[in-house]
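The following blocks contain the structures, represented as C-alpha cells.
In the two complexes that follow, chain A is the common piece, with chain B as its partner first and chain C second.
Right, the complex of A and B next:
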C-alpha cells in the first residue's frame, strides 16, 4: 500500500469517527427525550438512566389531561401559518423587486433584522402592542413572527429569481405584461419549488421561535413552545409529561425538515430554467 | 404596421455615451438590418425601440406616436431575442398564445392564429412540448412564432441566428426573408454578420461606435461605400486598402512607388487629392497578361473555394487578397500581374477615411 492511499484511508476513517461523535452528541438529547416520553414517570429521572423499560403512553395521557395541550397546539398553528403566509405575501414581491431592480439594501436590512437578537425588538414591541391593547392577540404574535419568516422567504427566493434569465422577463414585457403580471405569470411559476422550500423553512423557524410568544402572548394565545417552558417548575416538574410535550412539539418541524431535505436540492438549484 | 422614426437620439450609461445624436427613418413595411462590430450599440438601439431601455435624450416615434415614455408592454412591438427567451414553464402553444391572451383575444381566434403561425413555421407537432424538449432550431422557430401570432406594428430581431449552426442559419435566414415578404410588417434585424445584412435587408444601417456610417440598400453599401469603415466591413473577404499618391502625373503606391493602372475618372480624383487610400475588393482584380500594365505580385497562399480561388499576396507592405478564376490554377510562388477593374476602385481620404468624390 502506498503512503498516499494509506493516508487517505486514515482520513476517511477519522472522518467517520468524527461524524459518529458529532451525530451522537447532537442526537443524544433527542433520543433521550423521545425515549423518556415513553417511560413511566418515575423512571424518567432515574439514575443511572434505564435502557430497558416497558413503553407506556401514560405521559401523553397525563399531558392532555392536565394541560390544554391541543389549544396550545392550535395557537402555534395559527401563529405559524399566519406568519408564514405574511412572510410569503410580502417576501415574494420583495425578493422579486430586489432581483428586478438590483437595489439590494432592503434585503440586507431584513437580514440584519433577523440577525439582531430578538430581545432588541421585544421591549419596544411590548410597549407598542400594549398601548394599542394588542398584547395577547394573535395579530401581535403573527406580526412579530413575520420578522422571522420574511427574511427567510426573501433570502431563499432571491437567488431563484436572479437565476431566471433577464430576457425572459423582457420578452414578457414586450408581450404586454405589466411588472406585477410578470411576477404572477412568469416569475412565480418558475420559482415554485423555491417558494415551497421557503414556506417550509419559514414555518419551521416560526414554529420553533420562543421569545416573542413568551412575552407577547397571554394564557389563551400561548404557543406550544412558550407553554412548554411554563411546564418547568410549576410546583413539581412533570418530567415525563414535559418529555412527551417536547416530543410532540418537535414532530412537525422534524417532518417538514425531512421534506425540505429532498426539496432543497431541486428548489435551490432552480437556476436550470435556461431554455 | 408602422414606420419608426428616431430623431437626435442619445443614449448614455452613466457618463459613457453609447449612442451620440442618432437620426434614422425606417419606412412602413421596410426590412432594415443594423450591422456593425460587437459593442457598437446595435442591441442598445433595438432595445430602445422596444422600450426596454430608456432614452437619454431625443425622440422616438412609432407610426405617428411619440413613444419616449411609453412602456414596452404598450408599444405593440414583437421581439425575438438572441437566447430566444421562451417561457420555460409554458408549452409551445402557451408561449405563442400568451401575448394574445393578455390582450383579451377570444380563445377561438387565438387557436386559429397560433395554428396558422405554427403551420407557417413548421412547428405544429411540438405545440404541446415544453421549450426544454426542443432543439435549438425548433426553439428559434417558437420564438419567431411567438412574435408573428401577434400581428404587431413591427418586429425586432436581436441576432436571432447566432446560436444556430451554419447550415440552419442559412436556411432560417431565407425563411425570415420569405416571411417578411409575406407578412409585410416593418422589421428591424440586428446582426454582426454582414452576409445576413446583405442577404436580408431592404436597407442596411452600418453602425460604428453608436454612429450611423451609412444607411442605404445592400447594393449601394457594397458598390458605393461611404467611407473606409463601411468598405472594409461589408464584403467578404474584406476590401484591400493601399495608400496611394499622385506623383509625376501618375498614380503610384506610396510604399515602393509601383505605378497603379487606374481609370481616368479615378485618376482625376486622386490627382485632386494628392494622396488617398485606394480600395479594391478581392473580386475586382483582373489578371492581366504579362508585360502589360498591372501590379506584379507573387502568390503567397492559395485558397481554392471551388467556384473561385483566393490568392493571398503582399503588396506595398499590405497583405491582400484577390479572387480569381479557378481555371488559372495559381500556385504558391507564381508571379501574376493584377489589374484593378476600371470603375470598381474606391478612393478614401487619407485623413478621415471618407470616400473621395
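Right, the complex of A and C next:
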C-alpha cells in the first residue's frame, strides 16, 4: 500500500469516528427521553441510572388517566390544522401575486413579523381579544398561530413560483384565462410539492409554538405545548409520565419532518439559503 | 392580481401592523392596579433607563446570545465539514440530524430538565463516572446561562451545520484542485480557501440564529422561568412577566419595542457584514 492511500484511509477513519461521536451526542438525550418513558416508576429515578429494564406502558396509562392529555392533543390539532389551512389559504395566492408582480412588501412585512419577539404582538392581542371576549377561543388561537404559518407558506412557495417560466402564464393569458384560473389550474399543480413542504413546515412550527397559547388559551382550549407545565409537576416523582408526555408531543413534528427532510433546510431559512 | 394578495395583506394589517402601532400607543400609557389606563408620555421609557432589572435582562440576553451563537457556529462548521467528507448521507441519518431542531423547544426543555437534575440526573452521573465534579446546572445562578446555551446549541447546531453544508456543496471544486496542485496542507486549505468562501453562508446562519437567540423564551420559561432568582431573566422573559404576571401592559410594551429594535438592529448589522464578506 502506498503512503497516500494509507493516509486516505486514515483520514476516512478519523472522519467516521467524528461522525459517530456527533451522532451520539445528538441522539443520546432523545433516546434517554424515550427510554425513561418506558421505565417502571421506581426505576425512572434510580441512581445510578439504569439502561436495562423491563419496559412498561404504565407511564402512558398514568398520563392519560391523571391528565386530560387527549383533549389537549385535540386542541393542539384544531389550532395547528386551522392555522396551517389559513396560512395556505392566504399564503398561496399571496406568494403567486408577489412572484408575478414583483411587489414584495407584503412578503417582507410577514417576514419582519416572524423576526419580532412574539410578546410584541401578544400584548396588543391580549388587550384586543379581551375587549371582544375572545380570550380562550379557538379563533383567537388559530389567528395568532397563522402569524407563524403565513410567512412560512409565502417564503417556501416564492422560489417555486419564481421557477415557473413566464411564458407558461403569458400563453394562458393570451388564451383568455383569468388570473385566478391560471393560479388554480396551471401554477398550483406545478408547485404541488412545494405546497406540501410548506404545509408540513407550517404544521410543525404551529404545533411547536409555545408563547401565544400560554396567554390566549383557557382550561378548555389549552394546547399540548402550553399544558407542558401541568405535566412537569413537583420534583422528580412524575418523571416517567413527564417523559411519556414529552415523547408524545415530539412525535408528530418528528415524523412529519422525516418526510420532508430533503427540502427542509432551504424551506426553513425562508429562502435565504438554497440547500 | 391585487385581489390575490388582498386576504394576506388584510390579515397582515389586522394581526401584525395595527397591533404593532397599538403597542407603540400602549407604550405611552400606564395601567393602575385597578386596570384604569392613562396617558403617561415617556414615563415608561424613563423608567426603563433607571430599571436595574431591564439592564440585567439586557446583559443576560447578550451573554446568552454571544455564548450560544459562538458554540453553534464553531460546532456547526465542524459538523458540516464532517458531514461533507462523509459524502452520501442516507435519509435516515439526515432525519436523525434534524430531529433536535424539529422537536418543540418546550420538549427539549422538558427532557434536559430530567437529564440535568442536580441529584438524580444522568448528566451528573456521567460527569462523576469520569471523575469530574457534579454541577447544579439549571439550579445554579452561575451555570444557568451556560447550561441554557448548551441546551439551545444541542438543538440548533445541526441546523447551522446543514446550512453550512449547503454552502460547502456549492463551492466550485476547481479551487480545491488548485490548492492540491500547490501542495497546500489541509489546515491551510481550510484557513485560506474554504473559510473565506464559506463566510457569507456562515453569516447567513448567524442572522437566522440571532433572531431566535435575542428573543430567547421557550426553553427558559419551561425550565427556570427566569430563575434561579433572576439569573436567566432575559428581556423577552422579563417583558412577558411584566405584561402577563404583573399586568403592567404599558411598561411591557416599552420593553418589547426596545427588544424588537435590538433584534432588527442586529439583523441590519449582520446584513452589512454579509455584504462585506460576499465574493
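Rule of thumb we're sticking to: the second predicted complex is superposed on the first by the 235 of 275 C-alpha atoms of A that agree within 3 Å, B and C clash if a C-alpha of one lies under 4 Å from a C-alpha of the other, contacts with A are read in each partner's own complex, and residues count from 1 in each chain.
The definition used in the following text is that a residue touches a chain if its C-beta (ideal position, glycine included) is under 8 Å from a C-beta of that chain, and two chains touch if they have at least 3 such contacts.
In this text, all values refer to a predicted model and were calculated from it rather than measured experimentally.
A.B. asks: Overlay done on chain A, so just call it for chain B and chain C: clash or fit.
C.D. replies: Fit: chain B and chain C sit side by side once superposed on chain A.
A.B. asks: Mind telling me which of the two, chain B or chain C, contacts the most residues of chain A?
C.D. replies: C
A.B. asks: State whether A:48 touches chain B only (first), chain C only (second), both chains, or neither.
C.D. replies: The second partner, chain C, only.
A.B. asks: A:172 contacts which: chain B (first), chain C (second), both, neither?
C.D. replies: first
A.B. asks: Which angle, to the nearest 10 degrees, do you get at the Cα centre of chain A between the Cα centres of chain B and chain C?
C.D. replies: 100
A.B. asks: Which of the two partners, first being chain B and second being chain C, lies in contact with A:181: first, second, both, or neither?
C.D. replies: So A:181 only meets chain B here.
A.B. asks: With the two structures laid over each other on chain A, which partner does A:190 touch: chain B (first), chain C (second), both, or neither?
C.D. replies: First partner only, chain B.
A.B. asks: Output check: A:139 vs chain B and chain C. Expected answer is one of first, second, both, neither. What do you get?
C.D. replies: It touches nothing on chain B or chain C.
A.B. asks: Tell me which partner A:215 touches in the superposition: chain B (first), chain C (second), both or neither.
C.D. replies: In the superposed model, A:215 contacts chain C only, not chain B.
A.B. asks: Quick one: is A:25 in contact with chain B, with chain C, with both, or with neither? Answer first, second, both or neither.
C.D. replies: It touches chain C, and chain B stays clear.
A.B. asks: Chain B and chain C, closest CA-CA distance after overlay, in Å?
C.D. replies: The answer is 12 Å, the least C-alpha separation in the overlay.
A.B. asks: Jot down the residues of chain A that show up as touching in both complexes, chain B in one and chain C in the other.
C.D. replies: 273-275.
A.B. asks: Provide the residue numbers of chain B that touch chain A in the complex, in ascending order.
C.D. replies: 50-52, 71-79, 81-89, 98-99, 102-103, 131-132, 139, 146, 150
A.B. asks: Going by the contact rule set out above, which residues of chain A touch chain B in the complex?
C.D. replies: 165, 167-168, 170-178, 181, 185-186, 189-190, 273-275
A.B. asks: Enumerate the contact residues on chain C facing chain A in the complex.
C.D. replies: Checking each residue of chain C against chain A gives 1-5, 7-9, 11-12, 15-20, 22-23, 26, 79, 82-83, 85-86, 91, 93-100, 102-108, 110-115, 117, 119-120, 122, 125, 129, 154, 158-159, 162-163, 165-167, 170, 201, 204-205, 207-208, 211, 214-215, 217-218, 221-222, 236, 239-240, 243-244, 249, 252-253, 256-257, 259-260, 263-264, 267.
A.B. asks: Tell me, which parts of chain A touch chain C in their complex?
C.D. replies: Touch list, chain A to chain C: 11-12, 15-16, 18-19, 22-23, 25-27, 29-30, 32-33, 36, 45, 47-49, 89-91, 93-94, 96-98, 100-101, 103, 106, 109-110, 112-128, 143-144, 146-147, 150, 154, 179-180, 183, 204, 207-208, 210-211, 214-215, 225, 228-229, 231-232, 236, 239, 242-243, 245-246, 249-250, 253-254, 257-258, 261-262, 264-266, 268-269, 272-275.
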